[in-house]
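Here the chain labels run A, B, C and D in written order, and each chain numbers its own residues starting at 1.
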Amino acid sequence: MSSHFGHIFQITTWGESHGGGVGVVIDGCPPLVDLCEADIQRDLDRRRPGQSEIVTPRAEADQCRILSGVFQGKTLGTPLCVAVMNQDARPEAYQEMEAAFRPSHADYTYQAKYGIRNGQGGGRSSARETIGRVAAAAVAKKVLRTLGSGVEVVAYVKSVHRIVASVDPETVTQEQVEANIARCPDPAAAQEMIDFIKQVRSEGDSVGGVVECAIRNVPVGLGEPVFDKLEADLAKAMLSLPATKGFEIGSGFDGTLLKGSEHNDAFEMRDGRVRTLSNRSGGIQGGISNGETIFFRVAFKPTATIFREQQTVSVSGENTALKARGRHDPCVLPRAVPMVEAMAALVLCDHALRQRAQCGWPAGTPQV
Amino acid sequence: MSSHFGHIFQITTWGESHGGGVGVVIDGCPPLVDLCEADIQRDLDRRRPGQSEIVTPRAEADQCRILSGVFQGKTLGTPLCVAVMNQDARPEAYQEMEAAFRPSHADYTYQAKYGIRNGQGGGRSSARETIGRVAAAAVAKKVLRTLGSGVEVVAYVKSVHRIVASVDPETVTQEQVEANIARCPDPAAAQEMIDFIKQVRSEGDSVGGVVECAIRNVPVGLGEPVFDKLEADLAKAMLSLPATKGFEIGSGFDGTLLKGSEHNDAFEMRDGRVRTLSNRSGGIQGGISNGETIFFRVAFKPTATIFREQQTVSVSGENTALKARGRHDPCVLPRAVPMVEAMAALVLCDHALRQRAQCGWPAGTPQV
Amino acid sequence: MSSHFGHIFQITTWGESHGGGVGVVIDGCPPLVDLCEADIQRDLDRRRPGQSEIVTPRAEADQCRILSGVFQGKTLGTPLCVAVMNQDARPEAYQEMEAAFRPSHADYTYQAKYGIRNGQGGGRSSARETIGRVAAAAVAKKVLRTLGSGVEVVAYVKSVHRIVASVDPETVTQEQVEANIARCPDPAAAQEMIDFIKQVRSEGDSVGGVVECAIRNVPVGLGEPVFDKLEADLAKAMLSLPATKGFEIGSGFDGTLLKGSEHNDAFEMRDGRVRTLSNRSGGIQGGISNGETIFFRVAFKPTATIFREQQTVSVSGENTALKARGRHDPCVLPRAVPMVEAMAALVLCDHALRQRAQCGWPAGTPQV
Amino acid sequence: MSSHFGHIFQITTWGESHGGGVGVVIDGCPPLVDLCEADIQRDLDRRRPGQSEIVTPRAEADQCRILSGVFQGKTLGTPLCVAVMNQDARPEAYQEMEAAFRPSHADYTYQAKYGIRNGQGGGRSSARETIGRVAAAAVAKKVLRTLGSGVEVVAYVKSVHRIVASVDPETVTQEQVEANIARCPDPAAAQEMIDFIKQVRSEGDSVGGVVECAIRNVPVGLGEPVFDKLEADLAKAMLSLPATKGFEIGSGFDGTLLKGSEHNDAFEMRDGRVRTLSNRSGGIQGGISNGETIFFRVAFKPTATIFREQQTVSVSGENTALKARGRHDPCVLPRAVPMVEAMAALVLCDHALRQRAQCGWPAGTPQV
């Protein structure tokens, strides 16, 4: 269950950072979707380590292989297994970390929960696990496209430490995001972020920030009342990413500083459709998309693994000190951008198919 | 699916604000748990309308009845159905709202999704639906108690608009929370909040705020890697509550302003156990509880239904204005406290039983 | 989980034979389906005790009430709760059975599993639980009808003990089935069955038999490869009914006596569609409906509760003898007919919506 | 969903007969179970093609690789991915079958459902898919062993066509089953079966039969009331295997020929435990194991693919004739034995962990 996500477009990820490899099985994918490995590789390349000077230098090409579910360039409707074999594994770099628990990392809790852990790299808690998610989301995006909804997911780095970018979620493009290695579409802020991350790394330290994500052209009617509200599933999706500490949608925490008369989004008819004059709801009302742009923010803490000596406890239960080695991101934000997009696409795709199941398709024209 | 929550301790809520009633079916509850209707009524009374002068005056006793699953004061291991019949329904107060969509409410999205809605009260989107959750959580708390873990859930109003309380999550008690109608354990802040809510109501307006929740004495090892991280399930649980806009755990969004060396929680041995010196992790690391106090915050927006004229659209698609009638909370925060506690207890109970399934019990001593 | 059935059209039943009542929550039902209590009552009346001289005389009107999910005669898309309160409960008739375990009944296994049981009537193991299933299936049938597929489910008593009816699954009508109290559409066999059941009852004994079920006008394409094959889900559905011992589809066990050349169903084009010349497959190939009539048989054992002294063990673990009292069916077959139909309709409805989710609708014209 | 099985011990299989490979992801496996590839290979070798002169000659070593979830010889508690790459694929042998639908095969229904199929081999409908199930079951058996329950699963060929073996489910051993290539522990019947299968194959024909399965030393208390009755889950598991047409447990269809007084299993105290004098219940009462041997039978039809000309329809919708080529089993029974065992072990393992979740462990001593 713990590695399983989605109700109709269902994915199960597998794999550890050091071991045979990592990957995903996608069950419930519609048939007849054009798909090849290059479609998936594009997003994996945005996620992979070693892609720039401000991320971890681990050298993994992360070359994917589709092992099932595709025939002559189209999905079969049966499960897709997508696998990436591990290559640049250096277990020797983790000896200290096998002996002592890294502060604020998953080492201790995995050991306590299971009585065992793969101490080479982060094991299952490694961000390497997100390869399976990003691969599955590449397929989900194609499904969304084929459903004709024009859904567009664009995430970007909103802030690193105290450096905050100015970005308009209604208009930002993926090209702007990909224009620099910080994945921040505000060029001035991006340069500041890059300089700051380099400085922090040179100090053996790490830093966090906020990713913002805009989902445009969402049909009205996605999301379900009560537990599977669209924002609830987005929140779970985002908090399931490593290093996340918070999620807010639309007006978010700042919305608590407004009165109802200031916060409500008035309705009006525009171009024959019901639209809102403002969008403090963030595109979702009552758990269901209202057709406006969905936008939300995700807080990422500073990377736990740093190259400074820290107080900790050994596996055998003695106080000790630990200074990490290995290859780690001084700031996860640039690589977190495709992960956030991936989880958003998975949630949207699943809810689109759920809507088709219960109410027919296209959304917003309910049939029995 | 949309009204279904939990993997082992599974609940399904049902009911609309105006209709036969509301309730919940609990499947997967352990047998032999002492349980009577009074155990459930206690929490329902904290949630019910009309309990104080700062909440909605709708007069509902919310008297529950256990229709199945209990025999001679003990759970049978079979499904419990708990029902509360609706009484003080005044459909005539909703005529305007049946004709036009309330801004920032679920009226429009329900109509667009399903092509139909129960326009009397909020229908399924009403906070009345949370009766089923609170009832189920009363059972979940008893299960947690019987599992011997001593888990204690205490939520409270942390802020209303710009009024912020000072509370220590490690020591706050439910008695302190229940000592005033604001459910804020900081008496000075509580009085300010009460005065402010009254004033806002007199203006026909509404206001939001933040609920904070502490979960103490959580065993090490609850929560699962990848998608069902404990904080991910808590985030989903909280964002599934009506009117929520954000969730943050431990250091939350503010944690993005720290460097790794400042943010990490150093480990030490204390009283023979692995403990942390600080708790910016909020009691969860790698998705799994580490034995420290779990604490998180939930943002609630100002109530959408206000007694002022607002611009909106009619059901037939014409621009119009709407001024609500009916009985509504000027501020949902005091009544949100038991709802937040309820969702937290449901998540913890389910994960405790999941841990027992996979690794045995007590947690932290994994067996095959 | 144990009281939960279906993936999209999801039902959760609740209730014991003696207690507040029994019922069902239906989640995932499409909106806009015309529905009133009479639609459900019709099928409940076919299931209820006391309907004829060959079934249990327990006097229960089994009057249902829809507590949620319907507004102005149409489904809302939100959960329906349907409840039937218990009335003719006579706990005193079960004193002996609370003290000793009825042979071949669920008394002992419930006690061993849970350490507790509701010994009044069969508790959760009572056939009374199937009220929730029959009620849900009445809704499922309406959904199937609205999907335009013309699916028709007709079950009937195929045999009682050694009395075997001659019935053509392609043409039998529900009117023929309902024409006699045995629910056997072969009038001569029906009369024999009625006489035999009366004789067996007069001897304080019980008897079993076989129900056959035909599902006609099933669209091509329902059912899924691997675990959720249509026949696999039907088998589970049928074996989940009380007192069942076997399931076979199409040629069934007798099909093992044929060679491939005799067993295969040749294809031909007929009326512009792919059809089979024979139907030993029973309408399903590779787990997916092929458009031919689905037909299967379900074996029901003789009722376990008989009015003769039997050797057994007391709750306190001593050898003893038990002669049952209370009101019981000497033969469950006539009342099992609507239960079999109900489970078949639930499986078909869920798979129709699953097909719509993954491949669009109507079935047999796959879209992305 | 369709390739997903189990609630706690969850498996997802993937792969087609011709393509990259086949395999399984196991999620929810307890940690600390000793496991290596040889543990899995043993069962795969019993399932693989080419193992004897009466099965398909396709030459596949079916060598498995564990890609994740195991570290230093023990399970980690995280997902295991087990993969077998395809080797002896001969797509050219399937040209005719790509052009026309094999009678009684899944060709037509897959095409109609999805609008596409992998016509090389059976694609997803191939028995090759069961590799993932057998691999997962090898792990499930180890889990059952570690839970200390001593559960033992022994399946065997009970009949081929009209040749019926005489076997005692209480005492038969796997050694007796493996003593001949028919996997029938009655040596005389086995020799008849072997001769008959060879003869049928020489005629280009195929033949079916019945596999019986005994599960011994099952703890009291496994299985759940209502939908997830142990026999219901076993029925679904068995009917999900390719070529199955029926399932019966204990007295099965023949039990309908007995009266209650003849059919009931009287209870007695024996060796301090509640035992039954007979076992027509087949080890399950009210959906829950009673501690007696569980035994059931599964009907397998004759293989659909035969080497004789048959009437059928082409992909383009014209009447035509088809004579298959390729490599196929003339009788699936010998290779079906490990598949039946596998599905039985998966059901038992999942229900054991479900019991531990809800009622604690060992079963039969319920705790909260």
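General observations
In the analysis below, a contact is a pair of C-beta atoms (placed from the backbone, for glycine too) under 8 Å apart; a residue touches a chain by one contact, two chains touch by 3 or more.
These numbers come from a predicted model, not from an experiment.
When every chain is reduced to the mean of its CA atoms, the largest separation from subunit B belongs to D.
Between the two copies, subunit C and subunit D, the C-alpha superposition involves a rotation of 180 degrees in steps of 5. Centroids of subunit C and subunit D (each the mean of its C-alpha atoms) stand 26 Å apart.
Here the CA centre of subunit B is 38 Å from the CA centre of subunit C. Subunit A and subunit C have centres, each the mean of its CA atoms, that are 45 Å apart.
Chain contacts: subunit A has residues 1-4, 8, 13, 28, 31-32, 77-78, 113-116, 124, 225, 354, 359, 366 touching two or more partner chains.
If you check the complex, the residues on subunit D that touch subunit A are 1-4, 8, 10, 12-16, 19-23, 25, 27-28, 31-32, 65-69, 71, 74, 76-81, 83, 113-118, 123-124. Looking at the complex, you find that subunit A touches subunit B at residues 1-5, 7, 13, 101, 103-110, 112-116, 124-125, 129, 159, 161-162, 200, 205-210, 220-221, 223-229, 231-240, 242, 244-253, 255-269, 274, 276-277, 280-282, 284-291, 297, 299-306, 308, 310-313, 317-319, 354-355, 359, 363-366. The residues of subunit A lying in touch with subunit C in their complex are 8, 28-33, 77-78, 143, 146-147, 225, 353-354, 356-361, 366-368.
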